[in-house]
Amino acid sequence: MIRVSIWNEYVQEQLDEQKFEFVREWNVSEQVQQEFARKAEMIRGIHHGAIHNTLCDLIREEADLEVRHIGTLEMEECGLTEDVLKDTDVLIWWSHIAQEQVPDEIAWRVVRHVQRGMGIIFLHSSHMCKPMRFLLGTSCTLRWREGDFCRVWNVDPTHPIAKGIDDYIELEEEEMYGEYFDIPKPDDHIFSSWYSGGELIRSGCTWTRAAGRIFYFQPGHETNRSYFHPQIRQIIRNAVRWCAEPGIRLEELSCTAVRGPMKKG
Amino acid sequence: MIRVSIWNEYVQEQLDEQKFEFVREWNVSEQVQQEFARKAEMIRGIHHGAIHNTLCDLIREEADLEVRHIGTLEMEECGLTEDVLKDTDVLIWWSHIAQEQVPDEIAWRVVRHVQRGMGIIFLHSSHMCKPMRFLLGTSCTLRWREGDFCRVWNVDPTHPIAKGIDDYIELEEEEMYGEYFDIPKPDDHIFSSWYSGGELIRSGCTWTRAAGRIFYFQPGHETNRSYFHPQIRQIIRNAVRWCAEPGIRLEELSCTAVRGPMKKG
Amino acid sequence: MIRVSIWNEYVQEQLDEQKFEFVREWNVSEQVQQEFARKAEMIRGIHHGAIHNTLCDLIREEADLEVRHIGTLEMEECGLTEDVLKDTDVLIWWSHIAQEQVPDEIAWRVVRHVQRGMGIIFLHSSHMCKPMRFLLGTSCTLRWREGDFCRVWNVDPTHPIAKGIDDYIELEEEEMYGEYFDIPKPDDHIFSSWYSGGELIRSGCTWTRAAGRIFYFQPGHETNRSYFHPQIRQIIRNAVRWCAEPGIRLEELSCTAVRGPMKKG
Amino acid sequence: MIRVSIWNEYVQEQLDEQKFEFVREWNVSEQVQQEFARKAEMIRGIHHGAIHNTLCDLIREEADLEVRHIGTLEMEECGLTEDVLKDTDVLIWWSHIAQEQVPDEIAWRVVRHVQRGMGIIFLHSSHMCKPMRFLLGTSCTLRWREGDFCRVWNVDPTHPIAKGIDDYIELEEEEMYGEYFDIPKPDDHIFSSWYSGGELIRSGCTWTRAAGRIFYFQPGHETNRSYFHPQIRQIIRNAVRWCAEPGIRLEELSCTAVRGPMKKG
């Protein structure tokens, strides 16, 4: 049984209540507040209240996967305590407008667990969350615009994450993310997405950092229905299994001092 | 003219004077203090007072390279101000016992300049300095012991950093660094080192992060004479040129919002 | 001065004369023959008689590059004698309908020269020529259809082959080549192309084989004008310089037998 | 059940009988013939008559693996018929002095099956066999000398092929293979070997070609006992499972012609 935890910043779903301190500080106009509220309503409608509900469901459908913990920004320590992370084989991360609200200390804790063997899947707008930037070392910036028809092409069809996936997947609407996408050379480049408006992006990529496997996957805008597409669900589940494959969890990572030349045997 | 700056933590050379606050706090015994002093004397002897002198000399020998700035831990802002970094094409970094004394803020500033196009060369014990760990995302831990005969094998002879380098280089004594060396999959793996005591390590590797090129090179223990070996000097100079090659310096790295589908032309 | 040679199969330009034995053997109908003739006329018009003329011109514009030899299928030994290849730093290859007419012996000769240090650039439909398949080891198959608007995205902007190249290049019409493109994991993936009809492809990739650098670049359909686009010309010239960079030409590649353990010094 | 076939050139085990035409043509002296005979006796003793016996045994120990076919050079079509290859998920290949005796046609047939999804493991001196060179595109040459103490270091401990493998493995005697080893940049570099005589080599590497996974592993000189080391056996079995993982077998690899722009849905 692979232990999956899900982290959703869970801010946009609640923005009609102006619940979050840091958003109130932006001092937005009445009009923008209403726009927030309208969008929050929409997101809640699609995701049964919260994006983590959608993500939980797609994990729970599978007999070999279980959801262990759900974390959100407003929880104590963002719901990412040492105990939660130790109890997690693969963490799925979704974040967007509150990336900077995650304290550095928590972000580094996530990074340390990845290095010791916890897998991590960064979805969509999480491309700029702290754990992803701290693990990859680049700015993770890209080109973007809202809503377009998107075709996700399979460019590494024998990769385990592409198992059962067709030549391409069509998404009626997905936020456009385009090149140049500032990521390190991927270990595996599995998907590239085409947008009818004229752009493309390396949209499914892996890296390994120490004992931890990482997958970034582009689809999943909060007001789109990509996570309800059977093939997108399959990719995320494949990625969970791929991230969990090494089955290793190190106690710590430290230098090893040895004395004198090695002896045989 | 390639503008090179050199950063040397410059602590061990001064340890007989117990100059540094953080070392005094270790509360070391009289005997350890004397050991420090003896070693500091030795390092000063080899490096004409400081490791950065040795590194400066090997840059200054070349007509196309110039040394612009020297920074050390004890300088204000570690000598790594915005102005210094802007004026630097390639930064050479040597550090060891005071890695954690570089403030996070300074380390991230270095990282940002690398991402915008400043090349960086991490030497020897710098494998665990903050900028290297922040750029690579792994723990950079390894196995080590002191002083052994070392043979540096050239495993990518057509790489520009290996230009003019023989099949192997022999170093009479070099600190042993061995596998498992916790680094991300290198973009280029150029050198591997063999130690007579039984270990080996990927000792010369490159990565790119955003617009910045990175080279890690293992030789250079403070009490050894590796930096006086003509071929080691050549490798470092080749690496400076390779790091400087793109000749790009970005103002900033940020996401680009675009409006509507692209129009031809 | 970088010595460039150009190989063009030079068949389609001559097809109205039904000059080539192997085409006559296809026993094509009168109608197809007329279609061949019409297209041959068109290609000759665009390329001043032959595609190699266009390629020569874009090399000759540069002071540091010279065209040394031109080879075609109908020449003795395809114009790819040992002497020609020895006198070549970088070979540019264009081929299409006569890939299988190049004798294995000649293809392996090209491969051997690449392994010893000759750079090679495979253009467009050359993706299935023998030297490319023998060097890469994959089938190099892909999806294709004729003529579409194409946008070539720059996905590795600090790579020397992308020097001076914008975020993207627009080609009014280019033959569509799409994924899955069966190539080994590229060493560098520099360009990806978007087609208005819905596909994309990794369209500019490098590999190294022994001492030889390889660049594959997708644009260049015989009836399109891609090679007259200033940025496409720039990419090909950048690639010539990148392929020539190591400046190494080995006499042979053979195993080295050594006797007894190594001695220091 | 993973279907494994084993190909052993099976020449050296029989050389005291001077059975092979191509060896007789070497016209070797009486003394060399006796040397051959003495060594053949030795190999037969270690491997119960033939190296493929040793390899079969290490596969047969595992419940999820079965040996389907054994092929040797002297068999019709080298024992590598279309039927045999179709019935094989992973082929283990051992060859040495008769690499050139495998007809090109048979070597390309193996390559085509790898491209369509058959995994392949090249052991030891097979580094220069035709299928390996045709798949990788390099010369695969290296430095070598006989018999030395060897320590195989694990440099990618979370790779599935390293599952259950210690930091290093010691082999009392193994033929020395050293750098520069002329291979393409590995997709994964899992093991590096250290020899007491002073050399090292990237000794365990993977590549993927089309749908086929490839593993090269250095140990296994015919007169050494490396294949009886439990950890070496484990690595080969891990590699079989890793090569078989995609579980894909394509009918053919060909370009796909499509008509007109794509339509949604």
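The chains carry the letters A, B, C and D, assigned in the order they are written, with residues numbered from 1 in each.
Definition applied: contacts are C-beta pairs under 8 Å (C-beta built on N, C-alpha and C of every residue); 3 or more make two chains touch, one makes a residue touch a chain.
This structure is a prediction, so every number in the text was calculated from the model and none was measured.
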item: Between A-B and B-D, the pair with more C-beta contacts; value: A-B
item: Same vs different contact residues, chain C with chain D, by half of numbers used; value: same
item: Averaged-CA centre spacing for the pair chain D and chain B, given as whole angstrom; value: 39
item: Distance from chain B to chain A - Cα centre to Cα centre, in angstrom; value: 33
item: Sites on chain C at which at least two other chains make contact; value: 151, 157, 178, 185, 196, 198-199, 208, 262
item: Topology of the chain contact graph, where touching chains are joined (line, ring, star, complete, other); value: complete
item: Complex contacts: residues of chain A adjacent to chain D; value: 117, 149, 151, 157-160, 163, 170, 172, 208, 211, 213, 245-246, 248, 262, 264-265
item: Contacting residues of chain D [partner chain C, same complex]; value: 111, 115, 128, 134-139, 141-145, 148, 176, 178, 182, 184-185, 187, 196-199, 207-210, 253-262
item: Touch list for chain C against partner chain A, complex; value: 151, 153-155, 157, 167, 178-181, 185, 188-189, 192, 194, 196, 198-200, 202
